[in-house]
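Below, chain A partners chain B and then partners chain C, in two separate complexes.
And then the complex of A and B:
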C-alpha cells in the first residue's frame, strides 16, 4: 500500500512538471503581452513599451524566464497579476474557495442524483422508467454544458426570474445582512451554475451505476438475498449497491478534472468569480503569471484527485486487494 | 404420507413462449414432510429451474404449486415474504452466493431481522447458536466470507438458510462444488440437521454419487421432464430409464 502511494506521488510530480513546461512553452507562442490592454491602440511610443517589458523581465530569453519562474515557484512565489493589480496569490486565495464550492456542490448533487437514477433504472430494468431515464441520461451526456447553461439562464433566470442570471451575491449592501441571509443569497446564486454542472455528472454516473448494478444483480448472492425474503429495494440498497459502487467511485477521479474544465465555461457564463473565470479573464488579458498559476493549480487538483480515487477504490474494494 | 409440496405440470420457459423448448416442460412431483427428494439430471435438464420456480426466484409459465396446502405460484407481497421464511435455499457455489461485502454475522442475521423473528440481542445469540450448530465458532461473526474455505462457506450458507427456521430447504447442488471429504462432512451435517429439525429437502444434484446416502426418493430429469421417480434403493438396484442407467454408470468408484 505504502509503495503504491509513493509510486502515485512520483507519477503526480512527473505530470506536474510536464504540464508546467508545456503551458510555459505554449504561452511563448501566444501573441501580445500583459500590457496589451494598457498600451495597445494608444499613442504610446515603442520606447515606453520596451521600458515596461524590460521592467517586468519580458525582454529576457524564454529559457531564462522559465528558470526564474520555476525558481520563484519553488519558493512559493507566484508573481504579480498585472490585470488585477494584485499579487497572484491573493487573487487565487479569493477565487479558489468559490470554485471549490461550485464544483463540490455540483459533484455531490451529480453523484447523489446519478446513483439514485441508476438504482431506479436497475430496479425497473427494461420497463418504461428505465427507458425514459436512459433517454434522459443519454441527452444529459450529449448536452454541452454551455448550451444548458445558456438555456437555464434564459428561461429560469431571465424569463421566469426564479434565479439570478449571474454573479455570486445580490446587488446592494449585502455585507450588512445577517449571516443566514447572506448564505441563502449565496445558495440562490449558486443554484443554476451548480445544477447545470451537475447534470452532466449525474448523467454519466447514472449510466455507469445502472450498468454496474445490472452486472451485480445476476450474481448468486442477490438470489440468496431475494430468497431470504428481502424486498427488492433492500436487495438493491444493501446487497447490489455496495458491490456495484466501486466503478462509480472510480468515476470521481475522472469527473473532477472534467468538472474543473466545465467550470471555466460555466463560471464565465454565470459570472461566478472563481478560478475558471479568473483563468478566462487572465488569458484574455495575457496575464501570464496568473494563467500559469491557475493552470498549475487545476493540474494539481486533477492529479491529486486521480491518485486519491485509486487509493480509495482499493480500500473500499477489499476483494481486489485481499483475494489474489 | 402428507405432501408438504405438491407440484403439477410445472412449466418454466424464461419468457421464450413457444420459440424454444421450455427449460421445465410439465414437471409434476410431490415431497412428503420430512423426506428428501433428490432431483438428478445432466446439466441443462431443468432441475435448477424447478428449484428456483418453487422458491419463486423465477416465474413459472404454467402449472400449480401447493406448499402445505397453499397455492404458492401466485403469492406476492407479504404472503410471498412469509412463504420465503418457510422455504429456504442453499446454492452450489458459496463464494458466489454469499454477499462478499457483508460479515458472516450480518449475512446470517439479515433473514432474522427481515422476518422480525428475534430482538437484536436475541438475534445475536441465535446467530452464534446457528454458527455453532453448523460447526463454526461464535468468533466467526466478524469475518468476511472470503476468509473461509469452501466447506466452511457452505456451512455459512446453511446457517444462513436455517436462520429463519424454515421447514423446507432447496439444496441446489449444495455439495457439488466441494471436494469428496468435505462433501461427506456437509452431507452428514445436512442429515443431522434434518433429523434434529424435521426438515424436508429437495436435493438437486447432477450426479447420483452424492444422492445415495441422503435421498429417500430420487427423481431423474431429462430435457425438462421427469423420466423416472423411484425409492433410492430401487433406483440404484434396478434403474428403469436409460437416463438413470447412464447416470448410475457414470458414478466414479470412490473408496470411502
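And then the complex of A and C:
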C-alpha cells in the first residue's frame, strides 16, 4: 500500500510539473498581458504602462519569468494577481471554498439522484418508468450545461422569480442576519447552479447504475433472495445495490474534474464567485499568475480525486481493485 | 422588430418627465446597481474603467465637477464640490481653491489643503503609476497658504487647464495615507477599505460579487436621499440584465438591444435615455501591415478609401444591428461632445458613384464572380473584428455583404479581444471595426486620429496622417474662446471626413434600465453616477432589502 501511495505521489508531481510548464508555455503564445487587457485602447500613457509592467515583472523575458515563478512556487508563493490588485493566494483562498461547496453539493445531489433513478429503472426494467427515465437521462447527458444554466436562470430566476438570478448571498447587509438565516440564504442561492451542475452527473450515474444493477440481477444470490420471499425493493437495496455500486463510485474520479470544468461556465452564468469564474476572468484579463494557479489547483483536484477513487474502489471491491 | 416603438418611446418620455419632478423624495431605500464588471481598485489614481470610476467618485469628492453642459473650456458651468469657490490669478497661471470648511473625511477629520497637495504628489509620482497622470502635466506645484486654501500653479495656460485638474485630481486623505511609501499604495490594505469625502461611505467589498456603500450622514452637501448603494456584479451579460428584469436590481447602466426587447410590458422596468460618448468605425490601415515604411497597397490611396466609404449603406447597417438604438456616426467625435457638429458634409452612400470611382481607379469587375481586380490583383482585404462585441461582429457581416455587392472581397477575422488589441496596437491588420468611448473633452481626438508623434496619435492604430487635421486640432486645443474652438474643430472634423481614414459607422443611443420604484434626475452622459446622491426610491415600493439598511462595519 505504501509503495502504491509513493508511486501515486510521484505520478502526481510529474503531472503537475508537465501541466505547469505546458500552461505557462501556451500562455506565452496568447497575445497581451494583464496591462494590455486593462490599458490598451485607453489614454493611459505608454510610460505608465511600462511602469506597471515593470512593477510586476511583465517586462522580463518569458524564460526568466518562468524560472522566477517556479522558484516562488517552490516557496509556496503563487504570485500577484495584477488584475485584482491582490496576491494570488488571497484570491484563491476566497474562491476555492465556494467552488468546493458548489461542486461538492452538485456531486452529492448528482450521485444520490443518479443512483435512485438507476434503482427505479432497474426495478421497472423495460416498462414505461424505465423508458421514460431512460429518455430523460439521455437528455440530461446530451444537454450542454451552459444551455441548461441559461434556461434555468432565465425562467426560474428572472421570469418566475423562484430563485435568485445570481450571486452567493442576498443583496444588502446580510452580515447582520442570524447564522441560520445566512445559511438558508446561501442554500437558496446555491440551488440553481448546483442542480444545473448535478443534472449531467445524475444522468450519467443513472445510466451506469441501471446497467450495473441489471448485470447483477441475474445472479444466483439474487434468485435466492427472491426465493426467500424478500420484496423486490429489499432485494434491490440490500443485495443488488452493494454489488453494483463499485463501478458507479469509480465514476467519482471522472466526474469531479468534469464538474470543475463545467463549473467555469456555470459560475459565470450564475455569478458564483468561485475558481471557475476566477479562471474565466483571469483568462480574459490575461492575468497569467492567476490562470496558472487556477489550472494547477484544478490539476491537483483531478489527481487527488483519481487517487481517492482508487482507494474507494479498492475498499468497496478489493479483489477487483487488485486486478492489474 | 422595432425596439423603440411609439408606445415604448411614450413610456420612456413620460418616465423622463416624472423623473424631473421627483425632488420631493423621502430618504431611505437602497439602490442596487446591476454591474457587468467589478471595480478594479478603489484607489482613485489607479482606476481605469468606468466601474472603478463610479465607485471611487461616490466615495471621494472632487474639488469641482463638470456642469450639465459638459463644457471643458475655462471654468464655465463647473459646479463647486470640495472647493466652495476658486479664484484665478491675472495671468491664469494660478488658481486658488477655497475648500468648504464643512467638508469631512468619513473618519471625521476635516478635508484640508494638504490633502489636495498630497493627492497631486501621489498622482504625479511614477512609483504610483496613476493612469491619468499626463492630464496633470501642465501643473507645476500646489501650495497651501492655509489649511483651507490650495493654490495650484500651472506651467502654462491651456483652455482646458481647469477641466484637466478637477476632472482628474481627487483629493486623498493625507492623514491616513501619507505615512505609507507611495510605492506601497497599490496594494495597501487601506485601499480595500477606503476613507473618502463623498456622499457615500465604504461598507464592504467582496470582489466579483458585490460592493456596498452607505449614505454619509454628515455629508457637507447634505445627506444623500438613498440609504445606500450596492453594486451587484455578474460577469455574464444575460445575468446582468436578468437581475434588473427580475427586480433584484434597480439600475443597469446600459441596456443592449436584446435587453431592450425584453423589457416587461407592465412598466416594471423602464428605459431612460442619456447621451453616450461611444462611436464606432471601420478604420483603414494606411500603412502596410508588414512594413510600416510603405503605404498600404489599398488604403494608402485616398480615392479608394472614399470609394469604399461610398459603397457602404451605413443607415442600413445601423438599422439592422441596432434598430432604432443607434444612429450613423458623423465623424471622429460623439454627438454628445460639446464640439460636435451635425452640419458637416459626409461622404454619401452612392452605389453607382462608388462603382464609377472604383472603375476609374482601375478596379474593374472580372467575369465569373463579379469581384474587382486590377492588374491581376483582387480588390480584397481582411476586416478585423473583436469577438467580444456582438454588435461589431454583426456590423462586420453586413459590411462584408455590402462590399461584396460592390465587387470587393472582404474576409472577416474575428479574434479574441486581447488578440484584437494586440494586432491593432502593432498595426497588423488591413481594416478593423473599431470603437471608442470619448470623454467630454474633445482633446482625445488628437490621440485617436492625430499623426503619431510624442504626445499625440498614441491610439492612432490606422496610422493615418494629415497635417491639415493636426494643425486644426492643435489650434482648437490652444484656443481659449469656445467659438474659436468650435470653428477649428469643425474644420478638423471635415478634413477627417473628407480624407476618409475610416468609415464612420454608428453612435449607440445609451439607454439605462431603471426599476419603476427608482426616481432619478437627468443622467449625466459621461458619469451616470454623478447625481446618485439625489436619486430616490418610492417609499410605497420599498422592499425587505431596503429595510435592512446598510451600516458601516
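Everything below uses one rule, namely that the second predicted complex is superposed on the first by the 309 of 324 C-alpha atoms of A that agree within 3 Å, B and C clash if a C-alpha of one lies under 4 Å from a C-alpha of the other, contacts with A are read in each partner's own complex, and residues count from 1 in each chain.
Definition applied: a residue touches a chain if its C-beta (ideal position, glycine included) is under 8 Å from a C-beta of that chain, and two chains touch if they have at least 3 such contacts.
Quick caveat, the model's predicted, so the values are computed rather than measured.
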Discussion item. I'd like to know which partner A:193 touches here: chain B for first, chain C for second, both or neither.
Written reply: neither
Item to complete: Pick one for A:114: touches chain B only (first), chain C only (second), both, or neither.
Response: neither
Worksheet item: Of the partners chain B and chain C, which touch A:220 in the superposed model: first, second, both, neither?
Response: first
Worksheet item: Which of the two partners, first being chain B and second being chain C, lies in contact with A:289: first, second, both, or neither?
Response: neither
Response to the item:
Of chain B and chain C, the partner touching more residues of chain A is C
Item to complete: Figure out whether A:36 sits in contact with chain B (first) or chain C (second), or with both, or with neither.
Response: second
Worksheet item: In the complex formed with chain A, which residues of chain C make contact?
Response: 30, 32, 40-41, 43, 46, 48-49, 126, 129-134, 186-187, 191, 203-204, 206-210, 212, 230, 232-236, 238-239, 242-243, 245-249, 417-419, 421-425, 436, 444, 447, 458-459, 545, 548-551, 553
Worksheet entry | In the complex, chain A residues that touch chain B | 219-221, 223-231, 234, 238-239, 242-243, 318-319, 322-323
Worksheet item: For chain B, which residues are in contact with chain A within the complex?
Response: 52, 55, 57, 80-82, 84-85, 88-89, 91, 93, 96-102, 110-111, 114-115, 144, 146, 157, 160, 164
Fill in: For the chain A and chain C complex, residues of the former touching the latter
30-32, 36-48, 51-52, 55, 80, 83-86, 91, 94, 150, 153-154, 157-159, 161, 164-176, 268-271, 273, 277-278, 280-281, 284, 286
